[in-house]
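Here's a structure for you.
The first chain written gets the first letter, and so on, giving A, B, C and D; residue counts start at 1 in each chain.
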């Protein structure tokens, strides 16, 4: 078979390992041929493809980013979008199957195409780990690892200067990166989108820790909204989606902690370093297995499905399972973590 | 309650995180008091205990090793061993429960004590990830991460010198570390105790890779035994348990590859660096959760049981589930990996 | 002798290694006794001292921060400041010498005290590497190493998304961290306080790189001021010292690149992670040697002097050499680096 | 000009950064053209050259190894060796200058060719840092960094098990890697080729540390020979060059410590991981500057010379300065380090 791969949405450590796993399994097990669509769905709708011989995937398991490029193009938009046009592209290039590697948006597009009869399968990709259908997605472990390293560094500064350190990590809608990196770094408070903790509570945790002679560490997911935040909206302003404006929530939380406790407080927004660079061993293994498994699934012609991790097994699930099912941090994980906060 | 913790067997990144998780949950949720037994079961049978106030567990999530020390003492050996004597120690120190953090041997001892009516619970610890009862044990991810880093380094030397590089990793009875680090580093052959691959097959994989102009990387678990190894026993000698003598299996595989292929080959035995130092984020989170959960289990008085990971949940299982159940690399994981070997 | 150590100013990886080196050399070679002043000069003027037996410095070579704490207190300020008061503190605690570990401000204070007859010596500390009197200061190599790691990560994101990535690093007055981390990461432009490059030139470099199909990486020291920046002052505002306001210079440069080139551009401000955590091997060795050497200097009674690195030798220089002598990036190093910029 | 580059001898982190620095400076400053000789002098004598356009050196600063390959071929050996034959190769390929990047052997060959009138210049490369003519060579800092990381890991195992840990590092003739990584990791003894310490002294250091309740760390350079070693030669055997046989000096030291002190002792031989993988920031900057500077030197037609580091400056020295001048660890650096040993 001739299989076309695409990577779509924000980049994520492990994308190249998926590509390598797919190509090696396809070439060696099934004598498949591979092409890559450049820059996600854009390459599909525009027929912008590159050959992917196995020599191109050498050494890719350990490199960050995606050699295919990525974009946020929607396969249904524009004059060349939609299943009919894409069918024509597939025929013209003799492509028998599309592997869409991406997050919820990408998979939603893939599902619509599969529903329209196109031979599309998927590999879930979300650095935020917010897909219900899979225990973990690759990239998440790398992000937690990078954030943990950064926080280990922030702590020594906090302790030397008797400061409270705030670290803003990724997580627009869910708090998994904040929860895991915060637990891992021994944070004294972790603030996540799922829990609208009031700033007064945060200040209390910080004060308790400071009073015991320690330097508080507070981890904030970028999508956290404090309880009662609406009341300060008029003063501070918010983004369209309700999240705080002006320098990110990390800045806001930092200022509020300093205002409420009088303790010198500093923010660090980790930003893009969380999603770049070499994947961890965990993510390389997961991504490689996903890439290999999706090719097996193609040869079973299970269109409209994607690979997922359940426990230690790579399984197959319908696209629909992955969609409309944001995997939030459940209450029991929050309660577990909260025991570690404050004093 | 007053809870006594012990760490037993080989050290493992995450032991200190378990101790911290247990103490923080116990102190904050239940107002428990903690002591540590020094050097595993030795501290129990000799009544060698140290106080573990929460100030002692500060910052422990990110440190390797165990502040309690460890040993391979058996709680049934010696004049002070056995349930009666241990009962007396517990009474003398007013200790209400023992948490045994260790591998199969430790948990077997813990089971016998629990069967004899002692208030004992367990936390599984094996860097080799060879316990059937749990999806992962802490320390394993760190070992894979360290081995992966090392192999990333070995590859550049191999490629510059057109050599075959061999890396011997831990794994006396199972090949999990070899499998995951090998897959993660893009190894061209992974040799594990579960599969008695003949050296002629290894040589073939190496030659295929070399013929394509690449530098072969071979990962060997320390417990690997090549097929037909018995025949060379007389020449080379073996250890008592049948594993090859003389410089470890890595050396043997290296020499054999060079002999069979004529390709310059070098061995690196990673050794103790795999089990020391700071745990990865994954292991810190897992170990912290195990430590917290085992204290909850104590307050539910579920003696004779231990915590375990199933998917993303920390669950409770009987000691018996963890014993006599070596978790080997199953055939389907081997078949999956093998696709990546050789050419 | 009884020697008092203090660490002052911003924290810096290697401070603890200096403390350890000093204590071990003093105790083992001279049978000295050590105390630490808490939080820099504050501890001196307030007589806030802690004992520093050798057991306190165990394992310190590899830890970030300073166990003595730090502050920006000036030893001449307040009712307890000044040489007379400090003399009284020294006498009361039977302290024979002060080791001031700090940057230009700290060393200026130390010089004034030494000029007033107090037994004061110094160890230079500046993460920015901006002291003329020494080839390198500890902390600098660690900062470069952290920034390099971060940029290696940023590059994969830039390449996957065809973006220009901007990284703002430390360096208020000099561009050493930017220069070295930028050269090390293969940056396509490095912007430093010493060179008022116009934004139009930056945009040109970025466009050249982008036109060749690559993702431009721009490194900006926090103290960089573009040529012609005064003209936009009215619009954008500046800080008191003339540096741009509103989200830091990284944000400004990012917006300007995007405006001038039309290329999607993202900023990452590395912030506090650059100065925390475990020092590199280079910095541990340098800091340990500084700590050992300053104790030898005390026993030679060379007051008013500090240790410094010249080539591979630790030497002694007068405080005056270190002061009023900002070590800027010289023109020839800029010219050298500039060859690597742009196309 | 058309410039030919070669890398020779053992690989070393930073070789690729030299190549990149040379090509970028040559192409951008002088409009030079570059080729690479494959596998060191072999490529020269056999005329095995590859084009090195600037696209080939993209991203090379951060990769380990050498894209040119390396070997230990001597340019004077074989039917095609010697200046006359090499002249013919240069003419045939229109090559105007050779840059030999290598250690003492390579530079000695380069000198002989330059003495015979060939346009040869050099870049010093020795991971052991044993060239008198330069303060540092690239690769050394990376080796120290890797060894330091490894020792940080070994320490936690030593402490958990109350063991003495031995780490064997590179250094056949000089002890720089052992000295710096040992000082950096807080080793309790560092054994180097320059100092024939008796094993009884090592055992004493180890016992002192163990008696204070700590886990001793001993660092051994591979070329260390204990005082009085000749006496055990008959028993243990040695290599041709007098160094101990059977598993390396690390094994020997380990066994001797255990025998003399009764303390459980474990060896780890770091081996090839010390010379592979991504260079540190320090080494990337140094190697890049060396690569750039050697091209400037070519355009000044300073044949028979090589670049070197003095303090923070890249300078030019005659080949003869680099040869017959092994840079050993001087006595004062040994005395300095020895203060940190033992108790």
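One rule holds in what follows: a contact is a pair of C-beta atoms (placed from the backbone, for glycine too) under 8 Å apart; a residue touches a chain by one contact, two chains touch by 3 or more.
These numbers were taken from a predicted model, which means no experiment stands behind them.
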item: Chain at maximum distance from chain D, centres defined as averaged CA atoms; value: A
item: Gap in Å, rounded to a whole number, between the CA centres of chain D and chain A; value: 41
item: Distance between the centres, which are taken as Cα means, of chain B and chain A, whole angstrom; value: 30
item: Chain B and chain D, separation of their C-alpha mean positions in angstrom; value: 34
item: For chain A, residues contacting two or more additional chains; value: 152, 155
item: Arrangement of touching chains [line / ring / star / complete / other]; value: ring
item: Complex contact set, residues of chain C against chain A; value: 7, 10-11, 13, 15, 39, 63-66, 69-71, 146, 149-150, 152-157, 159-162, 165, 247, 266-273, 275-277
item: Chain A - residues contacting chain B, complex; value: 20, 24-25, 28-29, 58-59, 61-62, 135-136, 141, 144-145, 147-148, 152, 155, 180-181, 183-186, 214, 278, 280-282, 284-285, 288-289, 292, 310-312, 336, 339-340, 343
